[in-house]
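Look for subunit A in each of the two complexes below; its partner is subunit B in the first and subunit C in the second.
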Partner chain A sequence: MKKTRLLILFGIILLLVVIIAYPGRKLARAHVNERTAVTDHPLLCSSCHLYTSQNKYVSKFINEDYLSPFNLDIMNDGEKLLVVAQDANALLVVDTKSKKVLKNINVGIHPHSVIIGKEEKFCYVSNQWSDNISVIHLKTLAVVDTIKTGNGPSGLSISNSGEYLYAVNTFGSDVSVIDLVSKEEIKRISTGSDPTGIALSPKGKNLYVTSRRAKIAPYGDPLISELTLINDNTQRLTKQISVPSAYLMENIAFTPSSDLAIMTLTRPKNLVPSIQVEGGWMMTHGIGIVEQKEDGKIIQLLLDEPNSYYPNPFDIVITPDGKKAFVSSSGVDYISVISMDSIKNILASTPAKKLKLYANTLGISKRFVIKRIKTGANPKGLKLSADGELLYIAENLEDKIGVINTKTLEKEQSIDLGGPTRITVARKGRRLFNNAGHTFQNQYACYTCHPDNHEDGLVYNMAGKDMGRNVTNTQSLREIKGTAPFKWNGKNQTVYKQDGIRFSTVLTRTEQFSYDDLDAITAYIKTGIKYPPNLMNNPSGELTESQYRGKKLFNRSIDNSGKEIPENGRCVTCHPAPFYTNLQLADVGTLSESDDPILFDTPHLNNIYSSAPYLHDGRAETLEEIWTLYGEEDEHGYVNDMTKIQLNDLVAYLKSLRGPEYEKSKPESYANVHLTNK
Partner chain B sequence: MSRININTQLFYSISLFLILLMSSCSKTSFEGEIIFTQVKGDLTESSLKNINCNNYFSKSSIAAINPVKGNESLKILTKDFYSACAPKISFDGALMIFSAQKNKGDKWQIWQLDLSNLKFQQLVFSEQNCIDPNYLPTGQIVFSKYVLSNAENGGYALFTCNFDGSELHQITFNPHSYFSSIVLKDGRLLAISKQYFPEDKKGVLMISRPDGSKQDVFYKSSNTYNLISIGCETDKGEILFIEQNTSTEEYRIVSVNYSNPLNTRVELSKTIKGSFHFVNSKNDTEFVTSFKPSSNDRYGIYEYNSIKNAIEKEIYTNSDFNIIDVVLVEKRELPRKLPSEINLNKNTALMVCQNANLTDIETIENTDNYKSNKIEFIGIDKSIGTINLEDDGSFYVKMLADVPFRVQTLNSEGDIVNGPSSWIYLRPNERRGCVGCHENKGLVPDNIQPLSVRKFPIVLPSQENKINAKKELVK
Partner chain C sequence: MIFTRFIKYLKVTVLTIVIFSICFLKFDLNAQNSSIPVFGNWKNFTVKDGLPSDKTYCVRIDGDRVLVGTHDGLAVYENNTWKTYTSEDGLAHNGVLSIDVCKLTGDVWIGTMGGLTRWVSGKFENFNQFNSGMPNDLIYSVICDEKYVWVATGGGAGQYNTHTKKWEIFTEENAPMHEPWTYGVCAGDDNIYIAAWGGGVIEYAKKTKKFRDHVDPDGNMEIDLFPDDGVVHDITTGTSWANGNLWVATYFGLSKYDGVHWKGYFDHDSGLASNFINYVKAEGSVAYLCTDKGLSCTDGTNWVTYTKNKNNVNGKVVFTKGENIKEITMSPSISHNFTLGVDIKKDVIWVATSKGISRGELKK
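Then we have the complex of A and B:
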């Protein structure tokens, strides 16, 4: 009897082994093939089911808490560095001699920049996802105050008098002027779109604010971004200066003599068919030089070379003697060293027409870049010591501060900030995302078209079959895990397919990701990218009256005349929470003559307020235009019975939508209850 | 019983160990050795008369030498061949590919030698000469093969194929001869390319993807220099090659930087007396070269130091032989495997030009008098068609693939404004863009949507021309 049981047990185990080994393996193979759209991806369950897991216990096990230094400032005596650790929501105080972190000060969420006040009593940290500034006393190294700002504070500057702090509000596209005595915001000044960089001229008076997104315009119109000039004395907007063909103007710096201001920039080729990478047909990267004389021009020069590109230039600093400038090329982990004399020679000796052409000339950098110095992963903010002898580099994905001797132009020993030494799969993916090494000749990284893991607001001619057809609005990559399929035509069922062989054939045009790298970048995209809180339109989760009315319109099934709206005409049918997409393809009457006849993937609507322009080809500059200009036939939801006020309410509600985690089990807001009881 | 089992197991284990030991002993290792081509006597006339390539000599042979052990380690590897030359080593250091004549009077063919067991394998069987083979990172090979063309004489086009000779594809189609091809780290092919029709032109370094698409000039010698051979790309991204100074007849090592090849030429061996025939890098500063100190000497193998700009040491010389190329047996980093947009099931390709009136930085300010409004596409023996330029100077055409053509811009009277250009060809399904005609090589497109791409492409040749072409083909 016992023997029979043993035999039965043995038989069951054997059967299980056979099932797992043969049909199981076959099933797994079929599953992996379907997910990855290739037949040779290794059969590793961990690729998908472990590294992209959002279970908090699993996530804690497979991930690490990195610091991610982003920007920095230094005390006048050069002894202490203040480093913004973006992922740790902290400011690190670093002793430059011992190269040790002295203190870790908790600040707000997703801090962006730090600046030391005039008398070095306080420093100020902009908390981009908290909409405030942390005020830190530099003797006690404690946060002593928090100042409210506009939406998404980033770059900081102190007025010439030392009495005011300027905080650039990236999400609000304005600058908060903060009285440092009362510690209150006293006014806001409009800027270009999505600003971050700010610099005050050494002689005071002129304050420049750079913008990162171009002005929204119909496809085919010239690309223009704005540089905002503010008068420091009057705290008034002096003028908006158009910078043609450029965007992602991240930061700006003045020469000590104030004769020039130089900003970093990217020159995209979104209006040119994306048929090749060779010859700078996708992206170029450089600097914009703003002459400070009357009728001064803005001259753009490329940092790139004919076969090597230096993408995502982020920060720029100029030595106190005005001889050298340093630019962090965050997409290739290099610092480009610029001879300012050479720049001035080029400006002085070149006719204006030719200078204009230089903006499109690769290799002009040979005339002014004197050295390229390799850094750790993803160099971002730069800071020179007061004497200009040392350059400190925030190596964002290395958790280190790089140090360069500006005389010898050699690297010195880096400062290890003490982040985790283990590089997790998602961290590796984040490095890949930010590095251009996987595009032909390093011409662009994922980050270039998806800055801050979002989208760049541009419409590209991806030239699918014929050139000039099927122009495509760049989509955000924030929290897309549950929103498959991907691409406007919904042809990619997974991130694996999205970033697979076709991605390398038509976009990166170099060797495709290795499967290890593909696993890593998928893990990062699916787990590592968060929505910033929608503090602008929905700071607490409580809807305003208008938003609430808009919500009712969004969910309505009866029109204004009491007739039932067909199911496919209701907003909520195709855009249900939590992602506000039913993950299906649809025809909403937006196909144009230049589109191949396809259906479009229903886009998710979380944080939709920050994703203008709208529709697959970016034709709608605002949410309103989706219906006022392009919804005449009620094919994109039944809206034509709505009054203008109702449409405003609907748009107000759409702008209130936040990340999916808020939308899963939405608590009844005060306003909601209040209005319902009425 | 168990004792017998143990003994049996022991016997099998020892046998297996001995077999493995013997098999490993029988493997030949060339790691660290230098392989080279030697030619007996003077370098008189190349055996390839229809190409200006002076690396092919009758009775040449390929040999190997251990630079540490010296002359006694010399091994002739191609004893069974009448002539053999142009060796190249696979990226894993295990194989050698070369061009050879098995017997006197044979055409040059592509062969491979397995360096672990010294077994030969013929990779390409052709009725024409096949020369200058090299390995591709995709597991294929590239080589130059003589092809007849509509143009006079014909020349050496680049071909690729698998190791077994299958998937043989011609990848260059203009009336140029290609030789001395290498693969850069970015995965592209670099070769010396010489136009032979309608007139002979000096060689240039031409770059393309391994499928022949996106071909462009990488480097052009100045008037007083001729390109002789391409050596390699160093770890620092310097491309090494040999140029002949036509006034002094001396051969020099020249480097250009990968990032900016047209503006970074450095003549490395300028102050060294003597002449270089070939160069290969050991590392960033030490190169193994084929060099002769004076015109009375024969080319031997010498080590050259680029920092000191000096010949460091003589590795191998032989008063009877000239050494004409040298390769190192070592593992090398695999270049990138580039994806291909080529679709051989299609027979057309697309080309867009942003502004045909944009010629060069220096002549950018051309006046309306010099503006063209038409562009003509000229084939080997006849015009393919003339089309109007858009108001912004752009054009967008669908062309027959793998057919060489040149373009010239015309004014409204039909007079030539600019051109004809160099030869261009497009691969099937390739999509090519250019900024202007005779554009400055560093010029990138302005971010403007060309008017021409707002319409469908103009098909060339026109239907009428196609019918005529078919008729001719039938004839």
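Then we have the complex of A and C:
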């Protein structure tokens, strides 16, 4: 009897093994094939079901809390470095001699930059996701105050008098001028779009603020970004300088003599069919030199080489003797060392017309780049010691500070900030995301078109060989895990497919990601990218009166005249929470002549306020235009009965939408508070 | 001998009378115009001088330059030269109806017949009813109030928060307006005052965000039946606040409100040039009133009115205090009697008229 039982048990186990081994495996194969759109992706359940897990316990087990140094500053005596650890929400105080972290000071969320005040009593940290500045006493190394800023503070500068702090507000596209005595913002100055970098001329007269986004323009119009000039004395905007064909102007620095200011930039060819990548020259990267003389020009020179690009130039510093400049080429993990004498020779000896051509000349860099120095992963902020002998590099995805001797141009021993030594799958994916190594000739990284894991505000020609066909607006990659399918035509059911072999065929034009790399980048995209809080439009989750009215319009089924709105004419039908998409394809009457006849994937609306322009081809510059200019037939929601106030309410509500994580845990809304009381 | 003595006494008497008369007249004029600056040395500019159009709608002094809204663009007078900006340069529309300059940032806000333009350091940024939450493209009035920009438009009043980049609209749907047509807006004493066509003055309290309206209590559209009972007419064309007083322009007279009492002024009982007032600008204790028959200035008691002769460039300035009226000829005078805009800074006044712009200097 016992034997029989054992035999039955054995039989069941055998049966299970057979099922798992044959039909089960077959099913798993079919499942993986469907998910990845290839037939040979390894059957590894952990790829999808472990590394992309958002279960907090699993996530805690498989991930690490990295530091991610982003920007830094140094005391005049060179003994202490102040390092912004972006992922740790901290400022690290580092002893440069012992190369040890002396103190970890908690600051606001997602800090961006740090600057030391004039008399070295305080330093200031911009907290980009808290909309404030942490004031830190440099003797006690404690946060002593917090100053409110505009939306998304990033780059910082101190006025020549030392009395004012300038905080660049990236999300608000302006600069907060802060009185350091009263510790209050006294005014805001408008800038170009998505600004970050700021520098005060050594003579203390002019401040330059760089923009990362180009001005929104119809597809086909040339790209123009703006460099903003502010007078430090009057604290007024004095000039908006157009920089053609460039964007992602991350940072800027002056020469010690103030004769030049130099900024980093990228030159995208978004109007050229993306298939042209293999022809080279699709995305080029370089510097913009702003002459400070009367009627001075802006000369753009590329850091790239004909077969090897140096993408995503981030920071730039110039030595106190004005002889060398250093640029962090964060997309290839290099520091490009520039001879400033060579730059000046080029400017002096080249006719103006020819200088313009240099903006597209790949070989020009050999005339002024004197060395490329390898760094740790994703070099970002740079800082020179006061004597200019040492260059410190925030190696963002290495959790280290690289050190370079500026005379020998050799690397010295890095400073380990003490981050986790284990590189997780998602961390590996993040490195891949920020590195151009997987693109033909290193032309660009995912980051290039998706800065801050978001989108670059440009419209690209994604057609094969035909110019101007299938132009599409870059989409954000923030928290897209639950928003499949992907692409505007919804043809990619998973990130695996999106970033798989088709991706290399169309976009990177080189070897596709290895499956390990594909697993890693998928893990990062699906788990590692967070929305910034929507502090400008919805800081607490409680809707304003206007937003609440807009929500009612969003959910309405009856129009202003009392008629029932057809189900497919209601906003909420296609855009239900928490992603505000029903994940279906739809025709909203926006197909243009240049589009292949397709339906469009219903986009998610989380943080939609930050994703202008709108619609698949970016034709709507603002949310209002979706309906005022492109919604005449009521095909994209039933809206034409609305008054202007109602449309404003609807837009106010749309702008209030936050990331899905926030939407799941809503505090009391206007509806709950106000209607219950009535 | 007697005749000689008589002549001597007569001379002394006449001299005394003359001296007393001069002293009295001087005293009287001073009394009439003690708080009102008097301008003269008028210089007029038209298309011949470089203006894009003789039809000028508004004027704003901005430091060393003067910004003039015309029918054919924005004209800027700087270093004795006029320069014009039009829609080809980026202006929302060539018909520029109102201009204000933000004291904090120096940004210039331009209300046009086809949208609102922010003009800063040579760049134009346009807002219209299609690309933004702005109520309507016809902007009659624009003012900057700290971080807010207010507009009075053909489709309601609008408030733009330059920090959050959001618009809020006020129309008959959500404010005590007769209809959405608004003509003027001004800030003062923690309030915003909107001149609403047919709705009198709409007062918006910035702290509480509540409205109250000031309408003509007698409700009569033809005449002001009961003087000083409220705003003189519900059809208002402009508001301006200074020194604790709100001045309200209508096509039927002028009103002053000190927060408690209303006072009405008309052409038949004061020195006001005409009841048809296009624009009002208060500066200190004086209100400057652009009418269809000249420019009037008043502190509520004394009046100074500038007019131009029909057939030549000359004109006169009329001083009025109660029954006392004094006229002085001016050569030249203002450019045209149909005045639409005025701005004053220290010793200079600029007046926008339907036939050119006039610049006057303070007479000392």
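The working rule: the second predicted complex is superposed on the first by the 661 of 678 C-alpha atoms of A that agree within 3 Å, B and C clash if a C-alpha of one lies under 4 Å from a C-alpha of the other, contacts with A are read in each partner's own complex, and residues count from 1 in each chain.
Please note the rule applied: a contact is a pair of C-beta atoms (placed from the backbone, for glycine too) under 8 Å apart; a residue touches a chain by one contact, two chains touch by 3 or more.
Predicted model only: the values in this text are computed from it and were never measured.
Once chain A of one complex is fitted onto chain A of the other, the partner contacts of A:K644 are limited to subunit C, with no touch recorded for subunit B.
Look at A:E621: by the touch rule set out above, it reaches subunit C but stays clear of subunit B.
In the superposed model, more residues of subunit A are touched by B than by the other of subunit B and subunit C.
Using the contact criterion defined above for the overlaid structures, shared-chain residue A:N560 touches neither subunit B nor subunit C, since it reaches no partner. Applying the stated contact rule after C-alpha superposition, one finds that A:N568 touches neither subunit B nor subunit C. Residue contacts after overlaying the shared chain place A:L271 against subunit B, while subunit C stays out of touching range. When the shared chain is aligned, no partner comes close enough to touch A:N76: not subunit B, not subunit C.
Across the interface of their complex, subunit C is touched by residues 150, 172, 174, 186-190, 226, 229, 234, 236-240, 536-537, 546, 621-622, 624-625, 628-629, 643-645, 647-648, 651-652 of subunit A.
Across the complex, subunit B is touched by residues 219-220, 222-223, 245, 267-273, 275-276, 278-281, 284, 302, 305-308, 353-354, 357, 360-364, 366, 440-441, 461, 463, 466-468, 501, 504-506, 509-512, 594 of subunit A.
In the complex of the two chains, the subunit B residues touching subunit A come out as 186-187, 214, 216, 258-264, 336-341, 350, 352, 354, 361, 364-365, 396, 431-435, 440-450, 453-457. Those residues of subunit C lying in contact with subunit A across their complex are 104-107, 118, 120-123, 129-133, 135-136, 147, 155-156, 162-169, 171, 173-174.
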